[in-house]
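These notes are about the structure you will find just below.
By letter and in written order, the chains are A, B, C, D, E and F; residue numbering begins at 1 in each of them.
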């Protein structure tokens, strides 16, 4: 009886395995559906635990999302980093950028520099205040309610003295702050050197109008542009052409900075040495241009 | 589960066909099933009897106590003796209900019938309550009950498992069904409800009443005819 | 492939930094179901240890024979077998406890924790590492279960390991040993653990 | 209300809405005064919904009152005309009361100005024909367009656009909006009382232009005198006066149409879609002026009101005059003035800059005091559903606001965020004092941004 | 941030500030006045409880109100938020909790219920307005299950009590266990045993109507509850005509009116739209009847409210109103 | 017949509400906290579970009844080829149950997935993505185990569950799972707009919500016996009884 039981057990399982393998094998052929080979490849690279930890329903769904809708490659908590790099390999994306991108806040006026500030009651966010006239005179500059601080997951940007200030040690350049700022004064800029030059003002109005609202704003006097080729005045504001940025011009640039009557040319950032090494050989980035908008409320209202 | 990979189209040569055969592809699975199947059966062979014994013992161990009472059982163990227990089953056929009772008939070493132990159960407050009911050979009095399984509320309903409460059943007459009385003023034929758990108390009493009613006839009939 | 952690790292990681319950949130069903008493929790952890260890070792041994598409089938087969072993063993030697644990022992088969470890560690690394990983993870699991069970048993019955530790005047919080108590206790402890590790991370970041 | 409503398709009212205190007594009795001609005006180049106007005169050129100084920047746009005689300055920028930062053209007063009585005569004086037989629809629409007329009810939508003949969607009813449901404001009320004739005339012109059979003037029942005056003026013209219950926002066109005609303007649609065109009473008067007298739109009546101003008044002012001058003309602010609002308190914009110019959309300046603004601190939404009960658009404002606060545009759209017209009923009633309208507006901005992406 | 903004201060010139529209608000009703209204509406019920249960009621009220306020203060403090005691919401929770407990419950039950109500029922979700479940009912359910002995039927009776009502069985229990029918007048006026707030139907009605008239509570919810109970109770009566526990007993007995007017109407945990509120109320009523008739508990208000609370988000989803002119 | 229907009804109600799989038995917690972020996803998951759990119940009921349990038809016949029938009838293969169930579940999940994907692409879009997740969902295996215990664990074979009961339990459990997960998803969508303290965001608050839900569902305790009492005619106590022969050892 013992042997029979043992035999029968083994046989039962064996029979089941045979039947199932056969059926499934047949089914996989009979019901074959064309899929993107990358989906399969990623599916194979993923652990297949189907734990749902990635936020998708199961590994296959995630694989599809990666291929079809460009989901991030590093979402699988089970597979971890090794899995992420494998998936990245399949997708042909690089993990890591060629040069560090960091946010630059193009406003440097402290509370005391701003004219026409009024007490504001309402939703205490920049987004909200941006829709109300008269919170402060300047309609371009930082509002200081810290929407950017709230979205930064890395605790890297803070409102100090009424103006958003990036902590370049912590910032990883995710760009969240830039996309949330309702005044579009944060640009995500490639850092070619540990410190780059930036314009600390976004006001595109004429000098007189700027002076009416801000103690320190750029008045578009063109002093810098006269000193160095690298500056070009567009809409009453200098833009900096990083193509022409090299060691020789740094002297001119320093001079230009000195000439600026309002001291609005500033050096920002101090990315690590590693970043500098990493970006040494990369081609210089194109002109960085902040997408300033005359911002207050472009929604249609009423009717 | 990962979908089993799609097969290449069946290739013409016999060898290729063999290699691509679904079953052959899964050779590891097959071998493992063989190993696992037989080793499991082996385990079953070795542990199976022990488990069966455990299951049975759960009931058997209680029988002396249910029949003889706690001291009686104590004495019995001290004397190293054992009761002779014969498991039987009775089918009760009633309109609208067909029930099967597992009943253990207990004899002492002189083959004298000491009593019956009935395994029975019914709906309690939360879930089914399973219990053992001991009665004397003539099914005149209850000699004890024991709760095997219950999921009543701890602190309330689960007091039915406590000796203080279930002890009440001992010696109760089975002539008339037992009633449940709240407030601790039960008469001779009644059971005191647990405070705050009348439902559980009543459920147990009902189960006992029902079993007694169902089995009184057959058991006494059997007792007379037996021996 | 990136560096794989060593055996010792695997062992340590499993206990706290990658605690399967609190950090990875794997195997939640038994975590909730069998933590109304410390004894049950420890028995469960032992069963998991056994199954995880055996499965990890076997998978690690045959890892080179694995075909990707049959991998999970083989894992489940192996796990199911060892779970059956554990189940029968408990039924034979600690029958009462096996009744208490009921279906949750067989449910180890589908416990994500085990498949996950087979997948992440055993199918990629050697036997020793796999074994160490299994032990580390199981200890972590045990620790988590015991922490929950201790709270529940203590508040719910005034006892630990079935021994009364709180004074008799303590009114038992019956809810703690019932299903809602499991969810609430685990939720609160999880929050506590998150809060603590956030604080630790903040302290470390601040330095 | 049923009785007053014989003869109209609607029930006379609309679902939901609120009853804020009316406070029309501040300036309700003040006869319209003509403000002295200012030394300078600053004309923003964007005063209407749609495209900004394009300057058509060079800096330093001399202009007379009524000269065109900027062309319409497109079809949905309106030209600008000089409200005073003077010299055009260099185009600068200015911030409007609604927060928009736009280019603006200054004109320094020089030479003879038309002022006072003379101005009043020019704009409102003379005979107004009680029929429109003389004019063809095209003539009327062209005159409206050339005069730069935009809606004076607040939205500043270029009026000619509403009335260009449309084969597919014929207009059968012209509704003249005399509700003025905003608390405090009285400019429309004074217009109806003092100059009903141009209003009637303009209404008839609009009916002619659009080919509508019915012309209905809707007035809230808190202005019985205005109803009387209009009734008298309209006698024999076929114009009907609908007296509506006082409820905010009765003046909103969708609600007005529903109340008067019983038609529902489809979501995202225009009144045109249900065969109705709506214009404000002041707009109508301006239209009459443009068609009959060829007057371009250069002035409007503005109520300066509220407890925060010394003597509340209704003033006829040129566009581009700074709001500070208006307030001066009313004796200045009181000490406890705390908030200046361009428009009424429900939908107006708070502003702080006294130099902001009056634009075509400025229907009033309301100065609120500390007392008016006393309210409890904001708490979280207690989900009381009161905002749902008052929303005239039948929305769920709290959900929309919370979705917006958490940047969940998808959820906001599920709750029809774009249907909200920011009437403020919800925020008015909210016991938690949440800035619901502001949240809705930020949410809308985000939805639009997401849609553009 | 607000603090950092300079406020122009000068004795002469007015201080102008800016804010989004609308610039008026309906000051007659704020969160605080709403909560105050509830306290006022609870006055008859509380008064009745004090009259019937005397010191027991006073003690339980004191424990729960102080417990809830303390819990609110401690837990919001732990979150580093300003304590919000003065919006009275914690006080309302405390009073309702106390009124839903038996007067004889030991002191620790009130304390634990209060802390659970505020901690797990409210603050953990984010505080006022954020909770999904009715805090008072979370607290009551917690202790009801935890201390079933003291909270079950037996917990209501105290043979040694000098207070009349407490030595009787509660009406629902007397019926369930012994088939005894309490006279309707007793249920109406309230000199029976039970939880503190539930005994007097008239007090609940007075307070409830006040709430509905003040529009602090929406009438749809109590209407739905009572409507469902009438219909289902009527059906139950028809199916079982010999039962003496009629529809009226169902309505006047137990916590039905108290629950319908004060508990189910909690705005935070009920749906937003009138239609949703009606569905919610009907659901609560139907569940109450289901649980009363079939479940192991004598009463079902608390569970019915908790279960319907849990599907409130779904109801909100299903009842997004059609915007004007929309499809 | 009536009593059978009542039985089925009560089994269904019991599995769906009173002893809800998730809130009472703690099975399927992983998807319950993992896939409950959106109502639509949760509903899809629930439907997929109902579907698979029904298939698994049928398969496991059949295998248990005809192959695994002592004296099952198939194994007895096969073994009968080698050993005397009495021995064959005693052969007990229940030890294989776990491995067989999981094997059956995972392969049927896979089969269904492939089938649906090929022939009902829209259905696959709606449901298919959830199918693989279900293999590691305790709820399915749990249903199989309960069914097994109702077949092999009963004292006398006549009480063993038939296919109808097994299927009802499984589908009821699946519906219970769906109810729980959809409610949870609704609440979590709401919680996204709430100010939950940071450490509790995500899973911790979900568990607490589940705790309160389970507290609420405890209200259903006893509804089944209440319903049974209301629907069943009171069984006669006087009974016609026949003694049976002694059960063989």
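In this section, a contact is a pair of C-beta atoms (placed from the backbone, for glycine too) under 8 Å apart; a residue touches a chain by one contact, two chains touch by 3 or more.
Note that the coordinates shown come from a computational prediction; the quantities given were computed from them, not determined experimentally.
Q: Quick one: point me to the chain whose Cα centre is farthest from that of chain B.
A: Farthest by centroid: D.
Q: Measuring between Cα centroids, what's the chain most distant from chain C?
A: Between chain C and every other chain, the largest centroid distance is to D.
Q: How many angstrom between the C-alpha centroids of chain D and chain C?
A: 69
Q: Please tell me the distance, in whole Å, between the geometric centres of chain A and chain E computed from their C-alpha atoms.
A: For chain A versus chain E, the centre distance works out to 48 Å.
Q: Please tell me the distance, in whole Å, between the geometric centres of chain D and chain F computed from their C-alpha atoms.
A: Between these chains, centre-to-centre, one finds 65 Å.
Q: Per the centroid of Cα atoms for each chain, what is the distance between chain B and chain F, given in Å?
A: Roughly 23 Å separates the two chain centres.
Q: Pull out every residue in chain F that's touching 2 or more other chains.
A: Answer for chain F, listing residues that touch two or more other chains: 30, 92, 95-96, 99, 103, 106, 110, 114, 132, 135-136, 189, 195, 197, 200, 205, 208, 211-212, 215, 218, 221-222, 225.
Q: On chain D, where are the residues touching two or more other chains?
A: As it turns out, chain D has residues touching two or more other chains at 347, 349-352, 380, 405, 422, 435, 438, 441.
Q: Could you tell me which residues belong to chain B and also touch two or more other chains?
A: 1-5, 25-26, 29, 33, 36-37, 40-41, 43-44, 48, 125-126, 153, 155-156, 199
Q: Using the touch definition up top, name the residues of chain E that touch chain A in the complex.
A: That would be residues 1-2, 4-8, 15-20 of chain E.
Q: Which stretch or stretches of chain B touch chain F in the complex?
A: 1-4, 36-37, 40-41, 43-44, 48, 86-98, 100, 102, 119, 123, 125-127, 177, 199, 209-210, 213-215, 217-218, 221-222
Q: If we count contacts the way the header does, which residues on chain B are in touch with chain E in the complex?
A: Those residues of chain B that touch chain E are 125-126, 153, 155-156, 182, 195-199.
Q: Enumerate the contact residues on chain A facing chain D in the complex.
A: Residues of chain A touching chain D: 116, 118, 122-123, 125, 127-128, 130-134, 137, 139, 182, 205-206, 208-209, 294-303.
Q: Which chain C residues qualify as touching chain E in the complex?
A: 171, 173-176, 178, 180, 184, 191
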